[in-house]
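Notes to accompany the following structure.
Think of it as A, B, C, D and E in the order they're written, each chain with its own count starting at 1.
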Amino acid sequence: MSTTEPGATHAHARPTGGEDVVLSATGLGLRIGGATIIDDVSLAVPRGELLGVIGPNGAGKTTLFNLLSGVARPTAGRVHLAGRDVTSSSVDARARAGLGRTFQTSNLFVGLTVRENVRLAAQAARGGAVSLLRFPRRQDAATVDALARLEQVGLAHHAETLAGGLSHGDKRKLEIAMLLAAGPEVILLDEPMAGVGSADVPGLVEVIRSLQREHGATVLLVEHHMDVVLDLSDRLAVMHHGSLLACADPETVMADPTVQSAYLGESA
Amino acid sequence: MSTLVLLLVTGVGLGALYFLVASGLSLIYGLMGVLNFAHGSFLTLGAYAGWEVSRRMSDGSWLSLVLSLVVGAAVGALVAIATELLLIRRLYERHVEQVLVTVGLALATVALFDGIWGTDAVYVSGPAWLDETSGVLGAQIPHDRFLLIGVAVAVLLGIVAFLRFTRFGLVIRAGVENRSMVTALGIDVRMAFTVVFAIGGAAAGIGGVLASQYFGYVSPQLGASLLIFAFIVTVIGGLGSLLGAAIASLAVAVLQQLANFYASGTGDLVVVLLLAAVLLVRPSGLMGARA
Amino acid sequence: PSSDGDDSAEGSSAVDVAVIYSETGPLAAYGAAYRAGLEAGLDYATDGTGEVDGQAIELSFSDDAGDSAKAVSLAKDAIGSGTQIVVGTVSSGVALPLAEQAEQNKILYISGPAAADAITGINDYTFRSGRQTYQDVATAGALLGDPSGQKVVVFGQDNAFGQGNAAAVDAVLGAAGADVQSVLVPEDATEFTPFARRILDAKPDLVFVAWAGDTTAAMWQSLSQQQVFDAAPVTTGLADVASYNAYGAASDQITFLSHYFADGPDNEVNDAMVASLEEAGETPDLFSPDGFVAGQMIAHAVAEGGGDVDAMVAALEGWTFDGPKGETTVRAEDHALIQPMYAASLVADGDGWTPELVEEIDADTVAPPVAGE
Amino acid sequence: MSTRPVLVVRGLTARIAGQQVLEDVSLEVPARGVTALLGRNGVGKTSTLKALMGLIERSGTIELDGEPVDRLATHKVVQRGVGYVPEDREVFGSLTVAENLRLAERSGGRGGRHGVSPERRELVGDLFPDIIDRSSQRAGTLSGGQQQMVALARALLNENRLLLVDEPTKGLSPRLVGEVTDALEKAAQVVPVLLVEQNLTVARRLAGDAVVLDGGRVVHAGPAADLLDDESRVVALLGVGGEPGQSQSQHQSQHQSQDQSQDQSQHQSQQHDTAEATS
Amino acid sequence: MSTSTTPPTSREDDRPATTRGQHGDSHRAATPGGDGASRTRRRLVEPVAGLVLLVVLAVLPLLNLSIPGVLPGATYTPGTLQLLALCLLFASLALTYHVLFGITGLLSFGHALYLAVGAYGLGIVLERTGLGLLPAMVVTLVLGIAVATLLGAVSLRVSGISFAMVTLAFAQAGSVLIRRNPSITGGEESLPLTTDHVPAALVGVIHTRNLYWVALALLVLVLVLVTWFERSRAGHVAAATRENELRVRVLGMRPYPVQLLAFVVGAGLAVVVGMVYLLLNSGVTPRVASADFTLTILVVVVLGGLGSRWGAVVGGIVYTLLDHRLTALASSDTVEQLPALLRVPLSEPLFLLGTLFVLVVLFVPGGLVGLGTRLADGVRGRRGSTADGAA
């Protein structure tokens, strides 16, 4: 990873009270059949924050992301994005309003090349993606941007490979490159590191950090790699059985005995 | 009143015929995801086989009908097995290509039947009882409708039992989703696929023999002419739901009868509208499992 | 007609005739009967020489498989390579585009078994060698006697053929005072019981059935089962030999009108045709005379008109000759083929059924009105 | 001791879509313990397992307990006693959890229910009570981690001679990572495991031997401890330059590292014969 | 390790069909990434080769070429030109279907309907109004686009096999309506072209040449427009939609308008093809509205090579030639003299065609074009590897 500067000093940027909340959920709930999957979750994320979301498997993290991004519809509660109520907006409307996400299992255009995948993201962000009158060009802004993003995540040498032919870890990197190219203001990252080789983890950590620091993006991060979560997060939210157990600074959360037993598995 | 009874009962009979044609199709399509355009050819071949039997036996005895059904089913199963082994197997998990080979097969076989048995229909007769009618609430119901209904119910129960009491259903549903993973669990998924294809083919063979009894003829186009209704029924019923196909068969046939009688022969159009309406309201069909 | 000198100049070269017909496809059986008839007819008209005035008549057969696009392409190929005479095709959907080609390119076209009334009088270059729907219907009318006040129900398929028949019945019998009503069945329908009920509900005095295709047997069975035969006499066109077993239980209750069956006509030409067909291992069938007459017409046109299309057209117009169905006339005004028709019944004969002549209907009685008037 | 390796691979070459992904891979899996298959993303770890299973086009010799299996169809390989946990979980999303497990139960004949001992079922139930509770839920709606559990359970249900496990801890919570590691450790006492793992902590804890791939070839093979304890080798072979954010994760890993040292001493004894076999 | 990745086509490919590279551009893009030179060379080769081909095709009616067995006669003869024109027409039709299926991944079983709308629409407008040919064509096109937009908007509410079935149902309804209303459409007896307002240069066998040029112009027009669509940003989004709808939405784009756009473009162009069909055949029968006809289009696209424009073109030409010439072969004397076991199947042209098609699907996954590229790549690859060895 030559493109990211290693050793950027780390400091927790604590949210101050009454700041600008960019994404919020109030009383969010999801019931399917008889099962309660998400139960009365309320959450406010200030602009520029990196909020880690942790919790045992099946706690509802991915489902929460689905509700926030519009992939699923809540049965209760509301979602606000940048001050607007988006509870009933579609996935694409929320994306246009500046929300981006990655998927826990890679979700790509497997029959298109890596370059084309990222280019589509870049073009979508720039608008005019469905124009009949304009053509993708090698030198156009979206392509140039796409190639730069690939460089950033270390996939430049795979630009012309079909996305379906990438190895698992490389697909994760491509997901992030697409996100970078789309340049959303609010980002939901669902286990971006799962399956990424240890060698590439630091680089991706830097990429995520730069999303927040340099682009001022607000990031929600689900991740089971605790060192990564702790390294990056300003605050930590803990999900358990579909509810939000806690949402506080990392030290407080990590000290919580429930978190210790249910999540970390340390019989403290 | 007697007219309505007549329409309903013959409608149910027609529904039974649709179901007989659709059952094998639905089984194969629902479990394996193969939209088998050659199903009509299996059916036609079963019908010709049945005819060859009955014309060699003394025409018109019950024994020869039963034997026709057995031979029709066997021939249907055999061609289905051959199709699966030679064509479908090479294209697992490539559903579009599978549809395409069956399209090619359908084209080729109909032409082949033309060459073998000629383009003219050959006429089939069965036990005399089938051509007679009985009065039900003042309506003259042809007996062959009862035979159709009986066999359709038997086929439905038979296939349901097969799926319930063997592992095949499970193996195939899993195999369609991810074939290599099923083999990675130590299961010979190819065998299971062949068995299901054979059963679908046997159902087509039975359907063919009975359809030829019902229409009184066999021609190279016999199967193809019924296929489109079988598709519609399968899709309205919902992916992979045999019960759905049964219900849809009845609904389509009865609706078609009523529309033909009361709405000046608009049965076809009504069925098309029904299909569009059902799919738009419930994209997965009446009883489709998958959303 | 051109001068004799011209004729002899061309005498050495052969006259090409393009025969476009269904060798394969759903109507292949009709195609086969037509072809056999045509070969027999030309043979008969040229006394076995295949030559007229020293000019050989070369038939080149090609297969349209019932597809009009193919037929047009074959016709263009033939016309483009200088052929002046195109004959054939068994389906109306192919005959009409071919007629169109004849007009566009000013060549002689003699249509085959296609029954559509529309072919008659369609243009100056198109003739027909078979019967047309109107003649079928008029035959039924003749069987009915005085139709005035009678209720006639036309039972047919809801397509051009069925609707054409319904229209013709209305024109023939309706004009004579009958009350004509039609029950038309969607083409793809497979269950005919409701339609049989509709016939009964109409309380007809005569039922005229116009049906083609494989579902014939099922349709007749439904009519029998719903006791339509008890309600009114039923008449229909007798189709080809292969279909004699399609009528099932109803066979001996139907009065058939017939275009042709081997025992219908009683004349020398027919005897010759039957003999010649049997010699070639063919069975005389419904469309044998259509081919045979086409052969006669070709020979006559070439003999009288030489290679000139207008002359051939002129030669055929108004020509009266002895065909397998007896005296036959090409009406000058619209090229309708004026010919006798037959009434027949089916009688059991061992396992199957054979047609028997009931009555020959005079050609003029069933002649269609002049088209376009 | 002269226990021969359970799996001997010589000159394994494999292609996906006509493109070569493995070149002349040779390795051995000793009859006991865990052998780790390591390497950066895209080097061919998953492909190696798939090639062993016969899921991709391959050539070379593969011997399971001395019998060649390189020409067998996948299901035959499995029936010889090879369990497989795939990388992307590959649960059957449209089937219920119970159906997924039922499908995995191997039996001699077809259709029957025999072959899976109650103890096995108990083991799985103890390990993953979560998914047993969700028996009738469709596997496609399970959370990622739950699906991983189903995938593991499918392999653990049967008696196997060898387990091929591809990144089993991916997507699991730290607690489950611990538990799965325990489970694999337990399993490894009765059945040898060939394990692909990115989590070096887990690899370090379990593996007796390690094989490192790069560019579709084996670039290192030997006792795991030799490799993983040697920082310079780790950097050279796996490209890992010291764990990131080491300082922040201190309170989490302290406890584990104690376990580790114990494990390693435990493994030490096993490693002698395997080391001989590979050298 | 080589960096090249060819799209997976092997039989043992364990991914679902949709993941295979079927996108014309991705084929090209996915070939050796390193050498930009070969790519630019290819970029130039296509238009140049296309232009040369165009010129050859354009002067064909003026030449006296014969290909025995393939063409019925010399290239200037009307019969041959008519056949060639039909080939070009079918190639255009296949291209319009490529927009739906190849690019956007919409498996429609009702595409024939739009050909029928074009042919019948123009026929009826010419017959019933006094409009000249061009105004009548414009009216028909507008009508056709309206129908396509309406039916497309409804059918696209569902996807996958349901979409296929809804389109099949609509086409079936269209076919029923055509057959059932002979007073308007001629039914089975065909609707003839009313030539009163058609320029004389397009009527009659002696003018077949002009019709051939019309068909050629149509192919060029359709090819240009389809290429345009495929290369445009919208085309790329359409391809992305085929690959993964949810992902498109997550990027903030709506799949529905793009799919509808592709549907209307494909169907609208098919309407134009239908109009030329009417001119070429001077009539139209209900066959063109049948489900069989849609299947034929599908067969053509696959025969040529799914996902590739040139595949559609080649498929259309080869299919039409086979369709017409196999009939001639089947009735040839050579076949007549064979023993029954061989003669019966061989004398059925559709049997030969069906069998051939099955063989192509089974053994030539990329279709004819794929076969061509593979042969070419094979040659190039061998040359490449020897060069490497030498270096």
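In the analysis below, a residue touches a chain if its C-beta (ideal position, glycine included) is under 8 Å from a C-beta of that chain, and two chains touch if they have at least 3 such contacts.
Owing to the predicted nature of the structure, the values given are computational and were not obtained by experimental measurement.
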item	value
Centre-most chain [mean C-alpha coordinates]	E
Centroid-based (C-alpha) most distant chain relative to subunit A	C
Farthest-lying chain, centroid of Cα atoms versus that of subunit E	D
Centre-to-centre distance between subunit E and subunit A (centres being mean Cα positions), rounded to whole Å	43
Computed distance of Cα centres, subunit E from subunit C, in Å	38
Approximate Å spacing (C-alpha centroids) for the pair subunit B, subunit D	47
Cα-centroid distance, subunit B relative to subunit E, in whole angstrom	32
Per-residue multi-chain contacts in subunit D, two or more chains	16-17, 19, 55
Numbers and ranges of subunit B residues touching at least 2 other chains	111, 114, 180, 228, 268
Residue list for subunit E, restricted to those that touch at least two other chains	5, 7-8, 14-15, 176, 347-350
Touching residues on subunit B, where the partner in the complex is subunit D	166-167, 170-171, 173-174, 177-178, 180-189, 289-290
Contact set on subunit B toward subunit E in their complex	35, 37, 87, 90-91, 93-97, 100-101, 103-112, 114-116, 179-180, 228, 231-232, 235, 239, 268-269, 272-273, 275-276, 279-280, 283-285
Subunit E residues within the subunit C interface of the complex	72-73, 77-83, 86, 176, 179-180, 182-183, 186-190, 192-193, 195, 203-206, 208, 277, 281-287, 323-324, 327-328, 330-331, 347-350
Of all residues in subunit D, those that touch subunit B in their complex	53, 55, 73-75, 78-79, 84, 86, 90, 92-95, 99-100, 102-104, 106, 110-111, 154, 158
In the complex, subunit C residues that touch subunit E	23-24, 61-63, 65, 67-70, 72-74, 76-81, 91-94, 96-97, 100-101, 104-105, 116, 118, 158-161, 163-164, 186-188
